Structures are given as structure tokens and as C-alpha cells.
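Handing you this structure, nothing more for now.
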Amino acid sequence: MKSVYITRREIFNAAHKLWNEKWSQEKNEEVFGKCSNHNWHGHNFTILVTVKGIPDPDTGFVINLTDLSRIMKEKVIEPMDHKNLNIDVPFMKGLLASTENMIIQIWEEIKLPIKEAGGELVKIKLVETENNFVEYFGGNEPY
Amino acid sequence: MKSVYITRREIFNAAHKLWNEKWSQEKNEEVFGKCSNHNWHGHNFTILVTVKGIPDPDTGFVINLTDLSRIMKEKVIEPMDHKNLNIDVPFMKGLLASTENMIIQIWEEIKLPIKEAGGELVKIKLVETENNFVEYFGGNEPY
Amino acid sequence: MKSVYITRREIFNAAHKLWNEKWSQEKNEEVFGKCSNHNWHGHNFTILVTVKGIPDPDTGFVINLTDLSRIMKEKVIEPMDHKNLNIDVPFMKGLLASTENMIIQIWEEIKLPIKEAGGELVKIKLVETENNFVEYFGGNEPY
Amino acid sequence: MKSVYITRREIFNAAHKLWNEKWSQEKNEEVFGKCSNHNWHGHNFTILVTVKGIPDPDTGFVINLTDLSRIMKEKVIEPMDHKNLNIDVPFMKGLLASTENMIIQIWEEIKLPIKEAGGELVKIKLVETENNFVEYFGGNEPY
Amino acid sequence: MKSVYITRREIFNAAHKLWNEKWSQEKNEEVFGKCSNHNWHGHNFTILVTVKGIPDPDTGFVINLTDLSRIMKEKVIEPMDHKNLNIDVPFMKGLLASTENMIIQIWEEIKLPIKEAGGELVKIKLVETENNFVEYFGGNEPY
Amino acid sequence: MKSVYITRREIFNAAHKLWNEKWSQEKNEEVFGKCSNHNWHGHNFTILVTVKGIPDPDTGFVINLTDLSRIMKEKVIEPMDHKNLNIDVPFMKGLLASTENMIIQIWEEIKLPIKEAGGELVKIKLVETENNFVEYFGGNEPY
């Protein structure tokens, strides 16, 4: 009846570049600009994961934030923090290291563990800089 | 036709603990961790209240923020600011002092006064720390 | 299938006042308070524009942020930055300079250019102070 | 012996322009750029006032923040909030409305009232945008 | 020759009240206002610790932030996080729980451990709310 | 007489690793932890440059922020933004890419250009994450 949305924030710092191997250097520079720099650049990423549910009468919780934080650390922070997104992260292999692709892959990594912890993942927000971020609802389109 | 959503932010500082009186101290510590500390802890809470409506042609307003701020001060800030959420706040009596329960109770306190001021309450966001917050749409589930 | 929402932030600094020419000074002061000051006041406005789409397999992009930023600069920042919203901005002529009216007008200015750049505008957020902001979904009401 | 520095933050929103009446419009535009716009622009200003002192054993206070806040509201916020800095503010008359000149004038307005409340004003910080601010130590040069 | 100042930030959430046991309730309320609430209130405290030194040529470090973070966690976060500052914290016993007294006591707790880790503690900043904070230089007065 | 301190903020995103070539991998991992990751990581760096001076009576300026911003962009942002600090930045060659070494090198790059623009560089602040930053006064030690 009374669904509440709870969000947990974590941070990680990573290197990446935007580079399409099928394209020439000129084409990569034209499309990706300075983000295509061969020697990488990096960001402080902030990730916010939102879980929906009805508060448990005994705990007042939608999900225990200890569980949500543990899942985020195991599935997102450990594989991505202080890593190279193009090289080091198994679930990003073969994909352009854009925030759009990152957020879709992260969704797949954490959806089931959150379900097993009794929660329903409904939204991820991934902040790359103070001037841009992406949001993902698992393919749903609330607006 | 052209509904706009306007949000007002207020802050309050309060003490609380997470404690289920039906449980042993061990069980409380297991579930609530350091949040179960007998002698309380506290937070700077930030509350953001969102009202939906079509701007009035004469004022350009969905709701006069003076009215919205007044309602938030009377119904939320005065009863909760510099208070103990488990002891001092009438509308939290008998409930676990989680952010989930807080946001549901706050909704009930401000929904009617906002309607009487000509607005439609559609969302509350309650921020407990820089790492966690809850959102509530009155039981609606936009996503 | 997998729609992602991407947001770009820009800022502009502008003067305005809230003043209804059909009303007496007393009525204006009663409704708009100190915002009605004859000699103007001003704000640092922050605007966040959200575009929805399925990431392009070749770029990983919903929209190239270079395009989105260019559109925001041409259509919003250039006409509004370091300007008087009541006097200098063509698309605000004849309207009360409230954030509600601003966000509706900005929507009309950027919707088509974003479409021409291959994106779908779905949300604007306009922040006036740390204590108030408005959001607009083009008239849609997700909640 | 154990001097502590305590700071109180307040905000105000104001309009201004940078304009030297002795200069031509061309010269004003050359030096002040878009800040010289005839019809004004504005900002959300944040002011932080720092008072130094030894904590009182009975209160634990360097100065009661209620007193410091009252002085800031009377001497800074009331005369400057929702005002035009070039026209409406007595202590800015005849001066260029730069943040540098504002902070020097504000110092003169609040130094004595703070002394009368038992405190020693040692620093003001005035933030104009997220990208620029000024600091003033009453003419002292700690670095 | 080339001293650099490095700062580490940590956060903790605690309850406290401002209450002088030598005074009547009336006097306490008069001086401390709502901060004197018998049943406590609380805050999200942010602490920033600054260490000065010449970067080591082999590490580029003034101090290894792992060491500084460890000291802050052992000496400040563990004893203060999710605690009652008036009751639970040994080094606050018998003192008014003001930010001024807190910052002086924290200095005494971390000064030696930082020296043993090869650093020189020169400044602490303790933020109580978005509107007030204190700074302490160990009794030194740079300005 | 009335020295004012003015600060300009810019941001850049870069990759780096902490790695001492004279050491084994084990030693590097022991000292630098995850910051030693062979494949780099990265950050959103924020740089704040402070210039001291007496406001010019004709402009109200310590320094024209247009000049300060131009110098920061030419000397810091262009060579460092979207770059690899260990490989791409001439003035970091042969140095450990710590924030301490970065801030000293940046000082040398901008000191003279700021002097030629009529200003006196007195402080740089370089923020690496929300939890750590360094400050440099050109070797001076105000505290």
C-alpha cells in the first residue's frame, strides 16, 4: 500500500576513454573529442541506487541499508573503484565505456542480489561530473 | 494542461534511535547496528516537499512558496526540529523512528494543509545523511 | 528497449522581479513580498535538461553531450545569462518572471532543437535558490 | 590561550551591474563584459562571517550564534536581500558593486556590533557564484 | 622548503544537548534556546583534519592518507559516531557539548598519533550544520 | 591597506596512478594501495586559485576574473584536462603524480602569468575527492 523509495549513495574513482575500435583516430576525435585521449582520463563517479518497498512493521525498513551497501560494494565498488573501465571491469568488456552503458551493466549486476535481499531495484543514478549524469529504470520509462 | 512541479526545502536537526521494544538488546544490535545505541544519536535532516499544479496566470505560481514554507514550518519543523523523534513527536509515537516511517507520517501531516492552500502534494524527499535518503509519493508508484 | 535518461547542467545569473502590472503596489507587495522590489533582485539559476533514448551501439550515447550543451548555450544561456528576465528575454515578454513560467518557456525553446539532434526532451529542472526549484515534463504528469 | 574560530553562514539574493559612470559604454563593456548589462543581472550571494575567541567555560561558546545571526540579518541581509546593490543599499552608494567592495563595506557594518556582542570579527567570505568568491580579514594579510 | 597542507574529511552522526547543570531550566533555555531540549537533538558532523609537511620524494606524500584516515577513525569516529556526546564520549565528560569544546578535545586526541605517523597537525574544521562550523589551530591565531 | 583575497574555481578530469619506478610491485602496492593500479584510475579535480590585492578604485577589482580564468585555462586546464597526469603533462614528468606534487608544479606554472596580469598569487587549493584536498601557499606557512 505505502511504497517508499530508499536510496543509498556510494562513490568510486576510475579511468576510461571513449574509443570505438572500428573507427579511425580522426573519427574517434570528431565524435568523442577530448574524451578519446589515447592515454585515458578519469572521474569521481557517484552512484545512487534506489529500492522500492513497503516498510517492514518490525524494522521500519524497506531494505536494511547494511545489505544494500554491501551489495553495492561487492558488485560495483570493488570491480570498478580505482580501475580502468575499458580494461579492468569484466562486465564492461567489449562495450563503449560511456555512462549510459555503465548504468545498464550495473543494473544487471545488482538486480538479483537486491531481490535476494528482499528489495526491488527501481532506479540507478550515475553521476560522472557536476555537469552530467545518467538515470536508468531498468528499461521502464516513467516519463 | 501545463503542470509544473515546485519544491521547497527545509532543514531540521533531531535525535533518534532505531529500537524495537519487542526485541532483546542482542536482536536490536544485530538488526540496527550502531543505530540502536541506547543513548541516541542524531542527524541534520533535509526535507523537500513537491507540489504539482498549473501556474496561475496572475501570479505565475503553482503555489505561493510563502504558504508552502509556512505549512512545512508549522507541521514539520516546529514539531521535529531539535527534538527526539522517539519521544517528543506526537505523530511518531509507537512507530520505529526510521526515515521510511517518518516520511509516511509527514505526508499525512501536510497533505491537507497544502490542499487547503490550493496545492496538490505529490512527493516528499527526506535526506538523513549524504549517503541515504527516502522518497514517498503518497503510496503511488511512478516507477 | 533500454531507455537511459541523460542530464546536462548549465548555469546562468539573471535579475528579475515578480510584478503584476494589473495590480497596485500594495497588492504586488502582499502577494510577492520582497520579490516585488521595484529595483530588481537576482539569482544564480541552475538548469538541468534531461533527454531520453536508447544508447547508440557505436557511441554508447543517448545524445552527444556536446550537442546538448551547445543547444542549451544557444537557446537558454545566451539569451538569459547576465540579463534581466523581465526586460531582456524575448520569450519571457508579457509573462510574470516566475520559475514556473520560465521553465515552460525554456521547454518550448529547446524541444525542437533537441529533437533535430536526435534526442527526446523529457524533463527540465530549474533551481532558483538552495531552497526552491521547479521541474517540468512538458505537461506530462509522471506523478 | 585556546582561541577557536566560529563561522555563521547566511544567504541573500540581489541584483547589480558593474558600471563605471566615468567611462563610455564601450570601455565599460570592454572591462566588465556581460556584467555591465544596463538592465542588471543578479546572484545568490552566500556570506560567511568568522569570529575568534576563547570559549566561555559556562556556555562553551565563543559567541552565541543567535547574536551573530541577528547581527548578520540586521546589518547585511535586511539591507541587501532582494535589493539592487547599486541603488538600494546605503553603504554601497558611490562604489562599484564588485564583491571586493561589498566585502569591505560589510566588514565596516558588522565589526562594531560583533564587538559589542563580545566577539572579534576576523574574517568574511562572500561567495558570488560556484566559481568565484572573495575573502577579507579587515586589511590583515595572514598569507 | 615547500610545505603543503593536506586535509582528510570524515563524517559522524551524534546526539547532544547544550545544558549547564549549574543553571536553572529557565536560564538554560534563555542561553541555549532549542539546543537545550532535555530529550536531546543531533547532527551529521563533518570533520576535516589538516596536516602540514614537505612531500616525501619517494611517495609524493605529506602523510599517507591511509594513516591519517585510520587515526581519525580510531580517535574520533569510533568514540563519537552514533553516540551521545554528553554521555558516551570519555573525552567530553564534564564539558559543555559545544562544537568549540569538541574541536579542542579532538585536537588533543589526534595530535600525538599524527605526530607518530610523521605528520604535523595544524588545523581542524568541524561542521555542525550547513550554517555553522568551527576551526581550531591548536591555540595558534593565524588571523 | 585593504587587501582582499579573490578566488576562481575551475575543474578538470584526469587519469593517474601512484607508482614509484624504483620500487617493486609489492612495495608500490603496500605504500599506494589501490592507487597503484597498473591500468590507471582517475578523478574530477577541482582547482581554486587565490589572488591577493587592493581593489582598483576604477574597477572594484583585485584582478579581472576574465584574466585569472584565462591564465588557469591556458596553464592548468588545457595541459591537464582529459589527460594522463603521469604521461601527458610536461610539468609533471619524472614526478610522482600525487596531489602534493601537482599543486607545487601548478604554482610554478601560474605564478608569473598572474603577476604579469597585475595580481599576486597567494594560495592554491586542489580537491581530488570529496574526502581529500591539498593547499599550498608557495612554501609560506600561515599556520
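All chains are identified by letter, namely A, B, C, D, E and F, in their written order; residue positions are counted from 1 within each chain.
Everything that follows uses one rule, which is that a residue touches a chain if its C-beta (ideal position, glycine included) is under 8 Å from a C-beta of that chain, and two chains touch if they have at least 3 such contacts.
Note that the structure is predicted; figures quoted are calculated from it, not measured.
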| item | value |
| --- | --- |
| Contacts common to chain A and chain E (chain labels) | B, F |
| Option in D-E, A-C or C-D whose residue-number contact pairs overlap A-F by over half | C-D |
| Copies chain C and chain B - interface residue numbers shared by over half, same or different | different |
| Chain centre separation (chain A, chain D; CA means) in Å | 41 |
| Inter-centroid spacing, chain E versus chain B (mean Cα positions, whole Å) | 29 |
| Distance from chain F to chain C - Cα centre to Cα centre, in angstrom | 34 |
| Interface hub residues of chain E, defined as touching at least two other chains | 130, 137, 140, 142-143 |
| Chain-chain contacts as defined at top | A-B, A-C, A-F, B-C, B-E, C-D, D-E, D-F, E-F |
| Of chain F, residues touching chain A in the complex | 11, 13-16, 34-35, 37, 39-44, 81-84, 87-88, 129-130 |
| Interfacial residue positions of chain D with respect to chain E in the complex | 1-10, 50, 52, 55, 58-62, 64-66, 122-123, 137, 140, 142-143 |
| Partner chain A, residues of chain B touching it in the complex | 18, 20, 22-23, 31-33, 95-101, 103-104, 130-137, 139-143 |
